[in-house]
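Dropping a structure here in structure tokens format, bear with me for questions.
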Amino acid sequence: MIRVGIVGATGYAGEELIRLLLGHEKALITKLVSRTFVGQFMEDVYPSYFGYDLPRFEKASKVELASECDVVFFASPSGTAWPWIRDLISINPRIKIIDIGSDLRLKDPLLYKEWYGYEHGAPELLLKSVYGLTELNFEKITNAGLVANPGCYPTAVILAFAPLLHFGLIGVDSIIVNALTGISGAGRALSQGYHFPECNENMKAYGLLRHRHVPEIEQELNIIGKAIGRDEPVCLSFTPHVVPLNRGILITGYGDFRWDKAKVSDLNIKPDTLGLTQLYKDFYHGKKFIRIRPADQVPQTKAVAGSNYCDISIRADERTGRILVMSAIDNLVKGAAGQAVQNMNLMFGEPEDTGLNLAPLWL
Amino acid sequence: MIRVGIVGATGYAGEELIRLLLGHEKALITKLVSRTFVGQFMEDVYPSYFGYDLPRFEKASKVELASECDVVFFASPSGTAWPWIRDLISINPRIKIIDIGSDLRLKDPLLYKEWYGYEHGAPELLLKSVYGLTELNFEKITNAGLVANPGCYPTAVILAFAPLLHFGLIGVDSIIVNALTGISGAGRALSQGYHFPECNENMKAYGLLRHRHVPEIEQELNIIGKAIGRDEPVCLSFTPHVVPLNRGILITGYGDFRWDKAKVSDLNIKPDTLGLTQLYKDFYHGKKFIRIRPADQVPQTKAVAGSNYCDISIRADERTGRILVMSAIDNLVKGAAGQAVQNMNLMFGEPEDTGLNLAPLWL
Amino acid sequence: MIRVGIVGATGYAGEELIRLLLGHEKALITKLVSRTFVGQFMEDVYPSYFGYDLPRFEKASKVELASECDVVFFASPSGTAWPWIRDLISINPRIKIIDIGSDLRLKDPLLYKEWYGYEHGAPELLLKSVYGLTELNFEKITNAGLVANPGCYPTAVILAFAPLLHFGLIGVDSIIVNALTGISGAGRALSQGYHFPECNENMKAYGLLRHRHVPEIEQELNIIGKAIGRDEPVCLSFTPHVVPLNRGILITGYGDFRWDKAKVSDLNIKPDTLGLTQLYKDFYHGKKFIRIRPADQVPQTKAVAGSNYCDISIRADERTGRILVMSAIDNLVKGAAGQAVQNMNLMFGEPEDTGLNLAPLWL
Amino acid sequence: MIRVGIVGATGYAGEELIRLLLGHEKALITKLVSRTFVGQFMEDVYPSYFGYDLPRFEKASKVELASECDVVFFASPSGTAWPWIRDLISINPRIKIIDIGSDLRLKDPLLYKEWYGYEHGAPELLLKSVYGLTELNFEKITNAGLVANPGCYPTAVILAFAPLLHFGLIGVDSIIVNALTGISGAGRALSQGYHFPECNENMKAYGLLRHRHVPEIEQELNIIGKAIGRDEPVCLSFTPHVVPLNRGILITGYGDFRWDKAKVSDLNIKPDTLGLTQLYKDFYHGKKFIRIRPADQVPQTKAVAGSNYCDISIRADERTGRILVMSAIDNLVKGAAGQAVQNMNLMFGEPEDTGLNLAPLWL
């Protein structure tokens, strides 16, 4: 059995991780670390766990964590994980670590100052960690000890745009992404804006121009672009919105369709919706959790709820010369805990879908 | 593998059954029968099943069903299943059948005329079938070939009141039950009242005085009462309400607390909330899916969502001399498809929880 | 113009009061008192008021309030209003006061200790104040200077049961009330249970056995009973539930139907649903905001949302010998601010519906 | 009194129109025309109107309508209004008509064939009618007999972009609009996608690339552009999404910021968010129902719910060189019935806000 420790288990991503691991035949939760709920049980925080046999929340001893766990997940606030990760590795260099938070995602430490407002004290971890977008970095994750689990929006955006960048079919300076999220994405902490009567029957944008996921998305899309020799950096407009439901992220992305006859001929597709759809199917061939929807369907969050799927659909708009690409994920599963388990599976030589074979809940 | 056929797979109970069976290691869905969607796939009706390998919906051949399935589930409208069930059994007497609908639930065929408005043509099936409230009829179900899966409300109401009737602690003429259901309980068929803008931000009672689940609840509570020699029939007031959410049933029940010193002394409890709570725990000891909540907690539908649990809590109200009992289930799981799977497990010698070890989704 | 002051204007009842008064042709808001938001504007707390010309929130000077207002509404937490009310009256005996909170509702000061947990320091106000259930105390309110605006649940419960008690048609020891409320009823203050993801898609009971509205309901129903010479006190079971929507209270009440031939003959009705419905219509004849729904309809919160209506419907259940009565109100309007305005109208000689002629919002 | 007839009164826009007119001191509803509900009352379709004194639905006699009404509103399906409108005008040339539907909105009859799929048989009406976006066509509407009430999305989009086009600050070939709507926007007709359990807890895009509001938006933005001598046509990408709430439209629009020193100097603004915000305030100066939100606020649908406001906010994004503009309306009020009443007011010489002075409902 894989012995699992979780730091920050009482947040929504941590809670989802526990839900998934309880159904994972090879994982055993041995340590639950929490600052706030020391001595309490999961069922004291989430009544759904009434009667479950889970360890008590405890103050973290790094030595214990490092020695009694094969893998430690971090689901803790920005800027709090990296000192722990550094120390755990120094205590036990073979321990595997998956940070569901944001402390390992950006390669350039200066970006933490600019976008997160804090000084990152362990830049060496940034270089060492693998960006855990499973479908795109499969091999690297398989061999990794340290994985930066992607943000929820970046997961949905990067999966949606990756084929376009990989095949050079989009103007990288023209990418605009509109995103919708359910309220669980805002986390468990109370705030007036997420008090039921104030977000029920409401919708609004937030994080305008400066959402923290912007540099993460740009970084990863740039990597794809560079791999085919294109050096212009992505210039992303990204506007997230909150809508009154619990689970789900829906991405609607736009960009200029850049196709030239030669390239399209090389790819052996027609430059239309059907051609692009086929290209997406080929690109994600064999990727179990990516479902390319045909041209008469749209991704919708209900079709992926509770599951690890990312549904994607693509359109070529002849009228405007633009591409429209949409994707849907469950922000707590493929957008957080599910992808973390998927990465854990790879890191431990398990099939990627162990513990993740959950059909979506339509209702 | 248990070869499974489902008649009426495209309704909400049928859909949930498929979701659960896809995660059941011993079950294989071999036949999906539908009148309306012949030739189509599950994913054509429910986009969440995109990419799943399930048989096409077909018009039913009874001979095929009876010979190619080990068990057939019926999730079809009232009055449509019993002719089929009769024929299947006559073709293959060893076939096992679980009716998630209402065609086998009432022992007295006249009640079908009175409450459902149709003449039941196979009263012999009513006598032969076992009422599938798993926790109360465990042995009988284990040996049954024909199971009447309980209604959603009856499951929650009977489990909540059973200990009170079993121990003779309630006035059977005083039982009043208020029930709340999410909208999935109304099924997949369209109607103005369940058009989103008209039931969102609304609540109302329905089925006043004459809901079809009344005779089913009374029948089963009377059986429990008679087993301890009490012949007065239960006289139930039952008022269901629809509230704007998808999953869940919440029961709030009232009755006069009938305790005499002798009885309470026999039971070795104090006649208060703590005493009753202990009595409930004892009554349901070893029943994995029944969780008795202590006196500082209340059942809530979110704590059971997506799972097969029934959460129950009991209060003695000294001020009024009444008992207050509450229960919560997921109407689609313990209230329909989950309990059906639980019954199938018993009928095939499997542990009752195979395929049902799903932690509730708090979010 | 009626010069209006509001103490506690930033809570949900206060906010609704402002919304209604802005459409009231005879009222002018001159003072907004708040502890927390001194110096700010309504639009700083509720973005919907952007651009409205309302006075700044200020720390309260009792002398100013008493001299610059014709009426002061209190929408402040339990136990905080009575010292103010006492002082305002002593400064200006002719000032009119309407307490939307609970500080004037119970006639017996000991009940405050028992149900609210504090010592009420001005019992003389309790005797002096009129209970502001407009339809039942029309004359008294017209002549009152001091009105205790009823609680939201009591409004719906008392209006639903009043005719039954007035005509002696119900066993007063048999009254059971199940209540549902939208989340605005829980107020603006943050708590984990009303964080969107935790109450969305959830339902549960709360305030079991000991909700503060119990003594208020019993007090007023007893007054009605005594008026026809019946001295047995009402013994009420009352269970409120929260359901995931914003506005609305729905009451479902039960009681033993007590009719004797003589009485029914006196009343000249048949002892059935039609007879009782007619009795209700007669009882509330001329009461504009009470709508008695016929036997083929049920009250629903959507039909009263945003309006001052109370919809009521009654059933006689021959099978059980019980009465079923339902009512629906908008908790913020008829259950709080609307009824407060209705009372103000009476106190100032205005038609009761001035400023309240708002058709419900079905959508 | 203005005698009002409504054709199509039972749809959601018609219902909202009745709600608003009931509070309009100068309007009297004299005719309600319906095909489906002839002989019934509004309260038979919408229980909220129980007890209201409204005329029965009747089959339409054009002669009666034309002679007994001063104004007729059409809230009927696409393609059904224009034959009526043509006939009413020919019977009574002085009758005033406001089409809340789409039959008068597009100036080019060929666009009806292309986008609506039907042949428009009265192109002369298209030329004669005034596009009823009140704030932009104030004078024309005041003098009009025939008004094409704008679509819900076009109202929000055009109001949001008008200043940018008027001042030439945006690349007209770069406009991308993402839109969110509540479910009331889909109307009263039943469909599986708007059955509560299937759209609750879901979000998805619809009408991809070809939504009928595209040509309407392009037409009106082009008019603004041409007025300042710019002939390049707007090329709009427009993607609407449904989210699970009742009321509201939220627009998030993008475009390239085109400023040259000369122009910005002419306008006397800084080319940043503050400068643009000031420009918007100036542009909409005196327009009561347009509220420009400052740079630290965002439009949100809750802040306009039930009211006729359009809230707008603008950002200059230096990082990307793009403009971000957002607007929020209540789709049933400013997006349909409210704007129709506003237009009626102008056409009859009333203040534009008569009957529309309704504070938004935050709760």
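Note that the chains are named A, B, C and D in the order they appear, and that numbering of residues resets to 1 at the start of each chain.
FYI, contacts are C-beta pairs under 8 Å (C-beta built on N, C-alpha and C of every residue); 3 or more make two chains touch, one makes a residue touch a chain.
Note that the coordinates shown come from a computational prediction; the quantities given were computed from them, not determined experimentally.
*Asks:* Name the chain whose C-alpha centroid is farthest from the C-alpha centroid of chain D.
*Replies:* Farthest by centroid: B.
*Asks:* Is the C-beta contact count larger for B-D or for A-D?
*Replies:* By the number of C-beta pairs in contact, the winner is A-D.
*Asks:* With centres defined as the mean C-alpha position, give me the chain C-chain D separation in Å.
*Replies:* 38
*Asks:* Measuring from the mean C-alpha position of chain B to the mean C-alpha position of chain D, what distance in angstrom results?
*Replies:* The mean C-alpha positions of chain B and chain D differ by 48 Å.
*Asks:* Go ahead and note the Å separation of the Cα centroids belonging to chain A and chain D.
*Replies:* One centre to the other, that is 38 Å.
*Asks:* Among all residues of chain C, which ones touch two or more of the remaining chains?
*Replies:* If we look for residues of chain C contacting two or more partner chains, we find 12, 182, 184, 197, 200-201, 244-247, 300, 302, 305, 362-363.
*Asks:* Which of the residues in chain B come into contact with chain D in the complex?
*Replies:* Those residues of chain B that touch chain D are 12, 182-184, 188, 190-192, 194-197, 199-201, 244-246.
*Asks:* Of all residues in chain A, which touch chain B in the complex?
*Replies:* 12, 15-16, 18-19, 22-23, 46-52, 184, 201, 246-247, 291, 293, 297, 300, 302-307, 311, 332, 357-363
*Asks:* What residues on chain D touch chain A, complex-wise?
*Replies:* Listed in rising order, the residues of chain D that touch chain A are 176, 178, 180, 182, 197-198, 200-206, 208-209, 235-237, 239, 241, 243-248, 250, 252, 254, 298-302, 305, 315, 317, 319-322, 324, 326, 328, 362-363.
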